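Shared between the two complexes below is subunit A, which has subunit B as its partner in the first and subunit C in the second.
What follows is the complex of A and B.
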């Protein structure tokens, strides 16, 4: 694809498949699975089982001591930040009518189905956080303020449930035409008939589909913001004395955008490299996704700096305590790792066009970001879960005493981390048996709307953009 | 996807240069009207220099009022240019073409206007030189570089320099067009400004590279400017000011008001210069959709500010919010601000019919900016008016007529500068419109012709 024109400009290739060939190829992928797929499924399933064992062992110790669950919380939130946010790319780039999105949208949307699994991981965490009547003077800060009934557990869980439902609905609505194709093929299964909801492809149905995508996509978008408002405020800010940080949910949301993009790029690479989809997923979406990715890297620094400078100038006991605990003393190694891997290294690498304009470059950068985000979640959630109950609700750490010590992972934590991540991969692989990993209807649309034509002395892609 | 401009290059030149080459009666009428407003503001400034700040409504402890509100407001408006021009250029949004120049110019003029406000607010503008030089040469006492009041001018002047370069680079091909259509001294001046432009492939390549580079470079400056302005407030320990959200909250609010101001200006340009073929309902539609996202993000930050100000249920924070929400006249302002800043505009923008109605978009954009002005006022004044422990003398701030006249005068000033600019330079980039014409076409899909655009990548 990346052949060069007469003056070095990028000359794109057409897909080279007809709509009928796309259908035949994608349907066959749903019906049969290769050895690589089965190996990945068995391996991820085994590791997932290992994680369940680790969870059961840890659960036997009880939920009262929150500090032993810090790594579980960090992993769960990491999954929410990465896999849970990946479908946003599918929605956002649909809204901007970006044509390059078409090979990658389904890879993003399947992560929407994985959010149900993430919600199951979240449920035990509600047993670990104190109620709004706990802490100093029977008060702990919460965005539910003085609501005594069900706060924060019930209200927060309801908010998260809304997000999960929106994600699942968004995933489903985008797959309806493809379910109809599967229904009408030899590969038809009962769920294809049900999920296709009598789709015939009439003009009215196409219009309803567009409205549905916008509607559920908007709900998903709003749900994602809600999730990244509830989780950081209930599971982090509320637990650390003096951590009154209005930008933090926005920072959390930003890291979700960053993590979602990085997850999608890595997913596309895996699909291309080992999933046999290199005919569909070419360099264009990798290159295009690096533009928002580099923006999120620099915004990571900006959001961190905005919080830091206000705390640094404020210098109240609460502010100094928070800075010392989660950034510059207790959890400094994790903070530095996050700083380097979420901002500095990817930011510098992505400035170079040769890195962006490749397939392996964005993938490596995305892996770096995903690792960085994991360290960042440890810094935030292990630190927050490490604060004892009698400190919760204070306006500042007692700086005359030592801050809570850093908690390092033990073998059980490692089992749960590996198991939780493998579980997400396991669920993702299972979902690819339900729907094709490439959105057939959008790829066919792409075939119709993309033409390579000469213009003046060059050759360019001409992209149709229906009104 | 917008319908391409259907006109020959010659016609595009004639229609878009009509403001430069012909002066009609409406131009003079508007110029006189705006000049009157500017003159009234000048009189106020002269009175202020003679009488000092006693002609304002400042009252301890509220010593920041209309001038600082107006400063923050105009800095906000200046974010229109980069948002529209740089971001849309980098994202290759086709509909940006007729909008970019006016937005960039608005940036420059609003920055100039913004900087006048703190100067005048001092009451003795010439003394502001002490921001830059030691205020006691003998003892070498320099301004404190840790103060946001030193960061502010640095950021704003950097942004002004960058924005001016941004406007100039984009103007070079158009200067050449005017040069070739004028004679006498105007030919000489435009010739000098055109920097020998002949439209060679190398010159076009340089121009495009410079435009993209400046777009990328100016983006961090754009973010930093309003962030630094926000830190004037946020690094202080004033209740409801000392919050980490202020920087992005100010930036997104600035984009909200700036893009709305561009809508106001586009509607005015369409009516004034009869550019119906160039500024179409499609452009208002696109800006309306963009503003739904921007306004929602801004409202999200507004809610974050509120939630986390009262997160710890601290009495001093609650007191300021109580002042804003429940005390006259701030409670009325809050209602106006929330409804005209978010609820009504976004509710209306959800309708395609409204987005494509230019009269409706014009008035909605005006209301948004009233809300955004009030927002800045509601941040500044109630925060200062709160009775802190160490405050022994307090009163209420009631702006004087002089302050009001000055604020209105700044709007006239920006309008007048834009009008004068339109007399000498095209407010819609000629070359960009022509490029758009070349790059947009149609492809046939079945029996339907679908608008299409060429993409290099």
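What follows is the complex of A and C.
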């Protein structure tokens, strides 16, 4: 329950557990699983298997016809935009020394491990896009200029690999002390033993851990920008005639910030509601995360508008074709859904104080945003993959002919969408068997450095920030 | 050289033991504190941790940058194809690949740096350790000539160590 002072202000609540109790509680959550966990694991695993079946059926049709893979691409990029960006919160709010982050960082960090799965989903997409080189001496316009070999496949995959490595390293470095706890609690936990690499907890190791978090977090941040430059450039801009938009990768990155925050809020809600972590995850992180979330909602409009107005003003055939195709004609329903669910509705809802200052309010808004982002990815990637091969590389759509038609999902697409999303949940659940869903070492540090003191008729929280 | 580990069930008794080690003539270069929580630096009077981790990403980034430069420049020179009147060795197409190389190099070297600088794993063996540390106990590990170990053991016992190990 929220602890409100006499003037209605929210007073942060103390955890009420000792460090030993935190360790015992979190270790028990990792080594034993309840019925809710098993149900979620079986259900997500079954749906993931369904997705694999859908993928295999679709793969039998080959990769040459890109249009049948549009929904696969949209789902993969949606996961990159949401789950793939969630670890950034764990890094960013560490850098700002926000104490409220401590119960929620692990929920974000585990998504870092899930990025490996996202990368596996990305690999088939490289078989679907054409080479930059279209002839002995001819090239289609891409960000790789006239690279004669490896473009875009090799170079784009190399950049994405950097991002995935950074995410995995960030996950690893933040969990090393907790691996050591699990290693010591049960010698048979071989994965924890390997990942703890003989961690002892010396002062030097703690110091290195802090610096390592900063470095890997920085690389993750850089990698996230790289990913959200390469993916939209190679899998969207380079495929649609006339789409040469310098703002679009920045818009894509902004949606990743928005999606990452929304994913984290929903994850926290699930952990609190069904994961039995309500003692740890209270209202504070929900409330705090809505502040950057509302900013991203309004920035969504700003970035979209900046790109739109240049195209609207430009009025060349290329610009008119792109606007008609991805926004105002062919994929208009998806564009409008994205506009409403990523910007207008969440923006209006989050202005209301009672919505922000609650647990359910930010969760519902985050769900709205996640749905909106999915529609937005459909209108970008299904549209891009729907451009016929003979038009890729042209400088404009031929406006004397009809634009490519809108592609709606078939049963195989639905199987792949559900399967890919369930796969991410399945991997996430598996990782919680490896590390606890709450960062033990950070929570124990919080207990060590937090004191509640009386002041006149109320109390105040004194938090030590030694670094 | 010999090693001794004193295990304490409270941070206060561990801090008290470090004072007694000071009094017995040991310096904080001879002992280190093992904890399951990052205590504020200097809380036990331990030495200031020194590391050179920041050098690793710089070295990796430089190597990665030049690898990217070599690949792109080498490709352009090996396949001299004049396009759009631009020079053979044109900089803009090289930027992204050099950036990727820089990031990958920095990442790999940082990982190596963390392992080396944390002494993970220790080359000289696992070292004295007790699994109760991750349950909240605090350990002091002291490396000193064998003849001085008994003085350290006395300091640990006097401060209320719950267990003592030697190797």
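As a convention for this text, the second predicted complex is superposed on the first by the 452 of 467 C-alpha atoms of A that agree within 3 Å, B and C clash if a C-alpha of one lies under 4 Å from a C-alpha of the other, contacts with A are read in each partner's own complex, and residues count from 1 in each chain.
The criterion applied here is as follows: contacts are C-beta pairs under 8 Å (C-beta built on N, C-alpha and C of every residue); 3 or more make two chains touch, one makes a residue touch a chain.
Everything quoted here is computed from the prediction, not taken from an experiment.
Participant: Are subunit B and subunit C a fit on subunit A, or do they clash, once the structures share the same frame?
Facilitator: fit
Participant: Determine how wide the angle is at the CA centre of subunit A between the CA centres of subunit C and subunit B, giving a multiple of 10 degrees.
Facilitator: 80
Participant: Which partner does A:248 contact after superposing on A: first (subunit B), second (subunit C), both, neither?
Facilitator: The first partner, subunit B, only.
Participant: Touching A:143, do we find subunit B (first), subunit C (second), both, or neither?
Facilitator: Both partners, subunit B and subunit C.
Participant: Touching A:448 in the superposition: subunit B (first), subunit C (second), both, neither?
Facilitator: both
Participant: Let me test your reading of the model: by the given contact rule, A:215 touches which partner, first (subunit B), second (subunit C), both or neither?
Facilitator: In the superposition, A:215 touches subunit C alone.
Participant: Look at A:464 in the shared chain and tell me whether it touches subunit B only, subunit C only, both, or neither; answer first, second, both or neither.
Facilitator: Both subunit B and subunit C are touched by A:464.
Participant: Counting only touches as set out at the top, which of subunit B and subunit C does A:311 meet: first, second, both, neither?
Facilitator: first
Participant: Is A:226 touching the first partner subunit B, the second partner subunit C, both, or neither of them?
Facilitator: second
Participant: With both complexes superposed on chain A, which partner does A:298 reach: first (subunit B), second (subunit C), both or neither?
Facilitator: first
Participant: What's the minimum Cα gap, in whole angstrom, linking subunit B and subunit C in the superposed view?
Facilitator: 5
Participant: Show me the subunit A residues, by the header's touch rule, that subunit B contacts in one structure and subunit C contacts in the other.
Facilitator: After superposing on chain A, subunit A residues 139, 143, 145-146, 448-449, 464, 466 contact both subunit B and subunit C.
Participant: Using the touch rule from the top, collect the residues of subunit B that touch subunit A in their complex.
Facilitator: Spelled out, the residues of subunit B in touch with subunit A are 1, 90-91, 220, 223, 227, 231, 234-235, 237, 242-248, 300-301, 304-305, 307-314, 438-439, 441, 443, 445, 450-457.
Participant: Which positions of subunit A touch subunit C when the two form their complex?
Facilitator: The touching residues are 19-20, 23, 137, 139, 143-149, 155, 158-159, 161-162, 165-166, 169, 173, 177, 180-181, 183-185, 197-212, 215-216, 219, 222-223, 226, 230, 441, 444-445, 448-449, 464, 466.
Participant: Under the stated contact criterion, what part of subunit C meets subunit A in this complex?
Facilitator: Spelled out, the residues of subunit C in touch with subunit A are 32-41, 46-47, 49-51, 53-54, 57, 75, 79, 81, 83, 90, 92-93, 96-97, 99-100, 103-104, 106-108, 110-111, 114-115, 117-122, 126-127, 129, 131, 133-136.
Participant: If we count contacts the way the header does, which residues on subunit A are in touch with subunit B in the complex?
Facilitator: 9-10, 12, 96-97, 99, 139, 141, 143, 145-146, 225, 229, 233, 237, 244-250, 284, 287, 291, 298, 302-303, 306-307, 309-311, 313-314, 316, 395, 448-449, 451, 453, 455, 458, 460-467
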